[in-house]
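By written order: A, B, C, D, E and F. Residues from 1 in each chain.
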Amino acid sequence: MLKKLLMTGAAGGVGKSLRPLLHRLAERVVLSDITEISDLSPHETFRRCDLGDRAHVDALFDGVDGVLHLGGISLEKPFDLILNGNIVGVYNLFEAARHHDMPRIIFASSNHVTGFYTRHERVDPSMPVRPDSLYGVSKVFGEGIASLYFDKFGQECLSIRIGWCFPKPINPRTQAIWLGVEDLFDLCERGFTAPRVGHTIIYAVSDNEEMWWDNSSAAFLGWKPRQSSARWRADVLANMKLETPTDPDVIYQGGHFATSKHPDDE
Amino acid sequence: MLKKLLMTGAAGGVGKSLRPLLHRLAERVVLSDITEISDLSPHETFRRCDLGDRAHVDALFDGVDGVLHLGGISLEKPFDLILNGNIVGVYNLFEAARHHDMPRIIFASSNHVTGFYTRHERVDPSMPVRPDSLYGVSKVFGEGIASLYFDKFGQECLSIRIGWCFPKPINPRTQAIWLGVEDLFDLCERGFTAPRVGHTIIYAVSDNEEMWWDNSSAAFLGWKPRQSSARWRADVLANMKLETPTDPDVIYQGGHFATSKHPDDE
Amino acid sequence: MLKKLLMTGAAGGVGKSLRPLLHRLAERVVLSDITEISDLSPHETFRRCDLGDRAHVDALFDGVDGVLHLGGISLEKPFDLILNGNIVGVYNLFEAARHHDMPRIIFASSNHVTGFYTRHERVDPSMPVRPDSLYGVSKVFGEGIASLYFDKFGQECLSIRIGWCFPKPINPRTQAIWLGVEDLFDLCERGFTAPRVGHTIIYAVSDNEEMWWDNSSAAFLGWKPRQSSARWRADVLANMKLETPTDPDVIYQGGHFATSKHPDDE
Amino acid sequence: MLKKLLMTGAAGGVGKSLRPLLHRLAERVVLSDITEISDLSPHETFRRCDLGDRAHVDALFDGVDGVLHLGGISLEKPFDLILNGNIVGVYNLFEAARHHDMPRIIFASSNHVTGFYTRHERVDPSMPVRPDSLYGVSKVFGEGIASLYFDKFGQECLSIRIGWCFPKPINPRTQAIWLGVEDLFDLCERGFTAPRVGHTIIYAVSDNEEMWWDNSSAAFLGWKPRQSSARWRADVLANMKLETPTDPDVIYQGGHFATSKHPDDE
Amino acid sequence: MLKKLLMTGAAGGVGKSLRPLLHRLAERVVLSDITEISDLSPHETFRRCDLGDRAHVDALFDGVDGVLHLGGISLEKPFDLILNGNIVGVYNLFEAARHHDMPRIIFASSNHVTGFYTRHERVDPSMPVRPDSLYGVSKVFGEGIASLYFDKFGQECLSIRIGWCFPKPINPRTQAIWLGVEDLFDLCERGFTAPRVGHTIIYAVSDNEEMWWDNSSAAFLGWKPRQSSARWRADVLANMKLETPTDPDVIYQGGHFATSKHPDDE
Amino acid sequence: MLKKLLMTGAAGGVGKSLRPLLHRLAERVVLSDITEISDLSPHETFRRCDLGDRAHVDALFDGVDGVLHLGGISLEKPFDLILNGNIVGVYNLFEAARHHDMPRIIFASSNHVTGFYTRHERVDPSMPVRPDSLYGVSKVFGEGIASLYFDKFGQECLSIRIGWCFPKPINPRTQAIWLGVEDLFDLCERGFTAPRVGHTIIYAVSDNEEMWWDNSSAAFLGWKPRQSSARWRADVLANMKLETPTDPDVIYQGGHFATSKHPDDE
């Protein structure tokens, strides 16, 4: 069990969903976000942080022995925002870790690093990236930093390419990439308890019926997702009438991320 | 749900097994065969058809929004029969589809397109074909037509390489490739409801213990076979005494298709 | 050296180019075509043949110990023509061989069996076919017959997927797939002199600079093409101004075969 | 069911665990070891044997129609011992089989043939060996003999690379490679009842959560392990505090086999 | 031939070497750098540019129909410098291209995106990146931007992972990765004249004897390097005495990039 | 340049051919064999050695900084001979090296470790072994020892799978696997001068036209064979009349090694 877990991006959707479970993993939890969090449990502390500010980030790491990095931008946004939160922010995070005894990091990467593969292609983490957005490119950068920091400095990191982590799927795409919160928590638990993770990349997706990704390279972690989007299948099918096979939204794994305009042009 | 499903080869063994299930998939079902079918349910219509006759085939497609093509020859036969049913017949079918708004096709291909692989080899649909019979070569042709019609005309098709679709296995070979009818129906349902199938090839085989084939490339369909030949294992073992490891029937996946003579010489 | 070589399709372009070289390979050469050939050399004989006529084909094989099968349709054509020349014709040819001591066959397949791959993809003969035309599908059938006849009957065959066998390239596509006649002859020589070819598929292409195909799986043949399209590169570049990267003719390996309409609609 | 099964190494740990189950597999069981076994059941016979003695080994094979070869050295030991038990011993065993109608052999190989892969690497039996000990090299030799004897003489053999076959795991490494006895028995049953095994290599490991190995190439056997080390996970985690990610014992699959000194230097 | 080629980083070593050759490729050449260039030829123009300044970069693109992007930081440097030159700078460059008719880009990536592979590993552009420096990570970002801009906007780019582009090799590592200027020029010429490059990644390395990289995926370009480091082999061997096989500088492809400290700690 | 090279098996055919070239590689050469060598050059010394005798082998290593291990049995022989020369002998050699500062070893392995692949298969050193003889199995053992000694002790070794190292080829098989002595010498030179070889396996074969093997994984060595068997092709073809494609001698890469009987039965 961890002594003190740092979770960045704690005010976001995924962060909120995970908070009630983290006490199983750590004695104390430091929550960080640029947005204030006020409803703290006794084992939780809050520290406001702009990830683009190196001193802010350094200040989070005192006594931390595990990091769950959900912070930064999680949608397509203008480049300046992504640069600050996801490029400078990730660099600051890994630098802070390097200067504070290198606690293991779980880094929230995204399925959007490979969003330009089609849904017919089976993708595994060793295949070339095909980002579908500036956001996706920023996650490519983050995985690159994680690779470097392990190879050069020994900083361990599990990069999890998160699918669709919302209460339920809303269309065939999100049905294929849905991630239940319990499964996500189990993955984090595996990430912190495995004797060694080096730098490992894994798709964070539940045991859905439709499956685009192959995680067999990370089977050493022993993660077995147990949730499935299948129970919503009838609902999804009933609402699917607008999907046509020649629509790029239907062709690419990234869905509308792949087909949206440049953020400056929206 | 489909409005009007066309099933060719409806008087054959597989067709007969599927008929009672098709009402779950389509409002109306057009049954076609060269042999008359008389025991029709209210949602069923019959149309006699020689697949080698282009006008016959065209006449089947009025209002059809899904095709399950089981028709043609399903055993090793003299070339003239195969030519008419499986070469000209398949061409006629895809041409008719192209001229009638391209309803999605599920094409009954066969494990005999790869019947000259040995049972020790794990085969997936991306590997080179090794047909074991003139029948198998005709299915190679059919998959080639399906590939062309998608790439060039956008006609979607799911080619299913059917294993042994009979009530129960009769020897180790059929135990490994047995396909239960419920599983086959589920696969067809997936084929028609997936937002996009392009041209996809999959082995149609139940969740048997022995497994020669790897369908992971088609995992995007979400098909999870739930039947298994395992419950007949004891019976099969008890009757297996005649199998010797050096018998070509035992070596090749195609079994006696691989070792039978040319049909002209039988 | 062969005693008696049969070359079908001898009146076509490739056949005409090869004729002057065949005396190095065989004592006698039987030329066959549906079109009369009259300018015979002393070592040459002509036999008219409609490949769709089984008796015609059988009559060609007397005493033959090597076959170079160039016959049939070599362009996109209506299905009836392709059916007769390339489906029934190939079957007749292999049947005739099977009944006449199985002389080794070199079968002129085509790059159009994989014409729907893009030019950025490196293709080798073990990859799935992606035919770009009915013509291409007929060659898929032919390779399937060749595979069957070797696995089942021991009939050896070298299937050569011919590129662009004309005097010189006319655009970037044909520059990448150009095949010089001397190189083609050397390949045939290798095909007949190798101790064993089983059923082998190889791309017949000269040592051009641009290269889409990987023949390493057939390196056992020892074929080293020595001609190159490079000497026409300046001419080709000078005439290339009409090529744009988003033109499907430029995207697909099959060029205009991939983008042409169905032959019935031309 | 076998008439007479020979199990070598019957006095060792794995042999003892399997003995109570073998009556399901064979009418009579010949137990062999260099150590006396006295608590025989009615269907069991004991024959003392030094595997390095050719005559001893030959004497075991009378009437035998199945062999389970667990004998020899199963730990790192000085070379002389390994040479006698695992090199000469294996050769003697296969020679005896060759002279006695070639009963099918199940050969206890070891995960230590690939012990120098790291735990992050997913290993399958087709990958190059990386033995972690002289013991591991002797098993490489044994698999080489098995390969030769099948290819040249037709002797069938299933080489099983046994993981950790003890009552329960004691640390993360043995949790990942734990093999339950029931699962091992089922694997042996599959090995003897499959119509054909040729020479097949498989990792013998239960259905644990953490998984380093990929047995899909042997799926034709139909072996489905049903035991799992997961129920001891909490215990293992509680005792894991000494594992650090930079410890070679933690890095390599072979654990302390990979990091131990040469046996002469211990 | 191009009308107007933009070369950024023109005052650097590679830029200087290429300048005398560019007149073969373009009528006019715009040289850009943060450092002034004064010795201009008649076909050359100079424009000072800080790549981190979007307006500066935009101003370079007027009338440009080809871009050779050598600009930015080319060594390990503190993150702020790399951020400005290689992250913001690359984004600015692709944005400027997108707003100016998308002239094809040749992007100088680096072998340091895969510098943590060992010299025994054969690396091709489809393998996962393993950057050896912050500099290397910035090139991972740049290739990610190039991938996105092609997939989403159709901007074509050839990413060239440059080896050691200096007059001659100085040790075994640079002997293996040496790139002659003529070869580099030829590669650029291929990049601009190929009918279509999409987004292609290639290692820019001469035809040296020692070879760590496999460029076969880019064979469609027709680039055949003709220079070789072999003529300096004797010199290199004579000076090699300090290389020991256990030195990380000798183990990793990135050499001292892989073993140097963090730039903040130097 | 080496100070003192040890060459075992110096009285054999390959050893004799190499001797006149070794002065280019080493100041002094220790020749060892079980057979006396008397025609010594000034830089040569002879030491008789039975490889099966540990003390004999140890005595060879004084001051040695490079080993070329050609010694042992090089043909199919009864197991006792192979055990002594190639199993115990190899172990003794690596043990002696481990106790004498670990001079780099070039180990003469053999193409017979993969002799049961067919000639149509392209084999690379990462593929599973398929030995064709007891001799071949002994080389599998030797490569296993080499792998262990590098991974565990850091002993570097280049294992060279020698083809047919005789003055000229005598049939198609030896034409495909012929190795010229100059090429072999160059390979040895590369093996000793490369900064690091770890444990690398390579096929030692000249630049013949027919090629069964793929050495690209060892391209980092920079070895470019320059000799070829092609100049004897006409002679080989003229004498080839006895080769038939269904002869196992023609099917398998190992030729008569694959088809010969067990040495005890000859």
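In this section, a residue touches a chain if its C-beta (ideal position, glycine included) is under 8 Å from a C-beta of that chain, and two chains touch if they have at least 3 such contacts.
As the structure is a computational prediction, the values presented were derived from the model and not from experiment.
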Those chains which touch chain C and also touch chain B:
none
From chain C, count the fewest steps through touching chains until chain E is reached.
1
Looking only at residue numbers at the chain C/chain F interface, is the share used by both copies over half or under half? Answer same or different.
different
Roughly how far is chain B from chain D, going centre to centre by Cα mean, in whole Å?
41
In whole angstrom, how far does the Cα centroid of chain D sit from the Cα centroid of chain F?
31
Averaging over Cα atoms per chain, report the distance between chain B and chain F in Å.
52
Chain pairs in touch?
A-B, A-D, A-E, B-C, B-D, C-E, C-F, D-F, E-F
Touching chain E in the complex, chain A uses residues 79, 83, 87-88, 91, 98, 116, 125-134, 136-137, 140-141, 144-145, 147-148, 151-153, 258, 262
So in the complex, the part of chain D that touches chain B is made up of which residues?
154, 156, 193-198, 200, 216-217, 219-224
In the complex with chain A, residue positions of chain D that touch it:
119-120, 122, 172, 176, 208-212, 214, 237, 240, 243-246, 250-251
